[in-house]
Amino acid sequence: MSHGTGDPLVTLREVNRRAAFNRWCGFVVESASAGQAQLGMDWRDDMGQYAGYLHAGIVGALIDTACGFAAFTVVGEVLASHATVNFLRPAQGRRFIARAVVVKPGRQQSFTRCELFSVGDGGEQLVATGETLLITVPPKQ
Amino acid sequence: MSHGTGDPLVTLREVNRRAAFNRWCGFVVESASAGQAQLGMDWRDDMGQYAGYLHAGIVGALIDTACGFAAFTVVGEVLASHATVNFLRPAQGRRFIARAVVVKPGRQQSFTRCELFSVGDGGEQLVATGETLLITVPPKQ
Amino acid sequence: MSHGTGDPLVTLREVNRRAAFNRWCGFVVESASAGQAQLGMDWRDDMGQYAGYLHAGIVGALIDTACGFAAFTVVGEVLASHATVNFLRPAQGRRFIARAVVVKPGRQQSFTRCELFSVGDGGEQLVATGETLLITVPPKQ
Amino acid sequence: MSHGTGDPLVTLREVNRRAAFNRWCGFVVESASAGQAQLGMDWRDDMGQYAGYLHAGIVGALIDTACGFAAFTVVGEVLASHATVNFLRPAQGRRFIARAVVVKPGRQQSFTRCELFSVGDGGEQLVATGETLLITVPPKQ
């Protein structure tokens, strides 16, 4: 990612297109502004774990990506150092939405947090939460 | 997963085949015995993040899956509650190997730990570590 | 802790008095109701780390205790399985306040989250956040 | 902490003496060399939680301190960013020993890991594990 000077939504959609696994997952950057980002993704059958729920790896991919995009809106290019995920409920739904915010940006490192919701007939349900700690990548000379 | 009475390697290979995303990733259960499991996976270009390294979500998928399989060898069917990943280095290589061990099994919950190695021209390199806390699923009556 | 049927604030103040280290720290249970708890603590010089800020161990003690008390208000007696702390800023102040909420209670395990604020001349400042995963202790027969 | 050029054990014992809460706990730096550090602490009754076991905050204090000291031996002055603790068993014993190692040192950040043992009539028992991510403090000009 490169910080740029324009609308972070435009830049992050371009970054999202450059990532092969994001394309496979069908991640859509739904919003991005100072300190927050939202990703959406439609469920597909090839995303399942052994019991048919959304695989923990894709739960983590949504959370890490949304956290990285939220941090980008404040500090520019970042790399994840540490990530945690809480699996609150089996993740099932037609669609998933990850909403991430920056808890504390920093020159060296930024703390972010994300909530992952499933969308189904009963509306939105919180299925996982996570935190990602990211370090700032120094700009290339 | 169901614990069964036979060789855990046979059972876990069957569980691994039932998980659609594991098949897409090409996970191979390379070993499984009391308290440990090892997964292998070949790199493919559609697994990349924006800079071309292995996506954090697939790093997490390898670690969570290996941890769950290690726990299965001791306590049977489990569900992940909480997972952490440390991203030590950019994950690049022709192949990846996840080695998980059970730190402390329990009736209610089990603690596991995993190391993820990349394999390239220079041999194996540790690229990530992670921990997963799993709860035991009560057997169906 | 035992769940009881009365006001959780009364019960938790009694639990807090029974814990020797809580008394040494001077923890005060300032509020407790369904799904939340708040602890306060005055700074003392013997609580410092090498540079004179609040020691990471006491930061963790405040967060773990507030999370356990918040969980108690919903599910009764609990034990911490896993705790994480994010150190956002050096923790200095005349007083510290930990505010914990239950993110998702459960029969087997409960997820909680806490914010720790320092109080000084400039008002309150968020100095740390944390999460604690707790398992429910089965009631004694 | 300041890195210095001498024996890290000498320097860390001096750092340990400067920290008021370390003195209250009675932490002893038992060993420190490139990439590892070991702390010991005797149990006292004022360290207990409500059921009389070692308080989670002191479990965390031992782990964070040992991790920071291990990192110091490799990269010099550090500050903890993120800490996790797994509570494997109730922590009881006459004495506690925390053994920390550096998993991956770095210019910007270092990853460390620690095991906490209780010592009692039955010998040593692993009661908790933890990880701490630390950032390097730039040397003062």
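As written, the chains take the letters A, B, C and D, and residue 1 is the first residue of each chain.
Everything that follows uses one rule, which is that a contact is a pair of C-beta atoms (placed from the backbone, for glycine too) under 8 Å apart; a residue touches a chain by one contact, two chains touch by 3 or more.
Being a predicted model, the structure only gives us computed values, none of them experimental.
Trainee: Does A-B or B-C have more contacting C-beta pairs?
Mentor: A-B
Trainee: Counting only C-alpha atoms to place each centre, which chain is farthest from subunit A?
Mentor: Centroid comparison gives D as the farthest chain from subunit A.
Trainee: Using CA atom averages as chain centres, what separation in Å is found between subunit A and subunit C?
Mentor: That pair's centroid distance is 29 Å.
Trainee: Averaged over CA atoms, how far is the centre of subunit A from the centre of subunit B? Could you give it in whole Å?
Mentor: Distance between chain centres, rounded to whole Å: 22 Å.
Trainee: Taking the mean of the C-alpha atoms as each chain's centre, how many Å separate subunit B from subunit C?
Mentor: 33
Trainee: Which residues of subunit D are in contact with two or more other chains?
Mentor: In subunit D, residues 81-82, 84, 86, 133 touch at least two other chains, as defined above.
Trainee: How about subunit C: which of its residues touch subunit A in the complex?
Mentor: That would be residues 84, 86, 88-89, 103-104, 111, 113, 126, 129, 131, 133 of subunit C.
Trainee: Give the list of subunit A residues in touch with subunit B in this complex.
Mentor: Subunit A residues touching subunit B: 1, 15-16, 18-25, 45-50, 55-58, 60-62, 64-65, 79-87.
Trainee: Where on subunit A does subunit D make contact in their complex?
Mentor: Interface residues on the subunit A side: 81-82, 84, 108-109, 133, 135.
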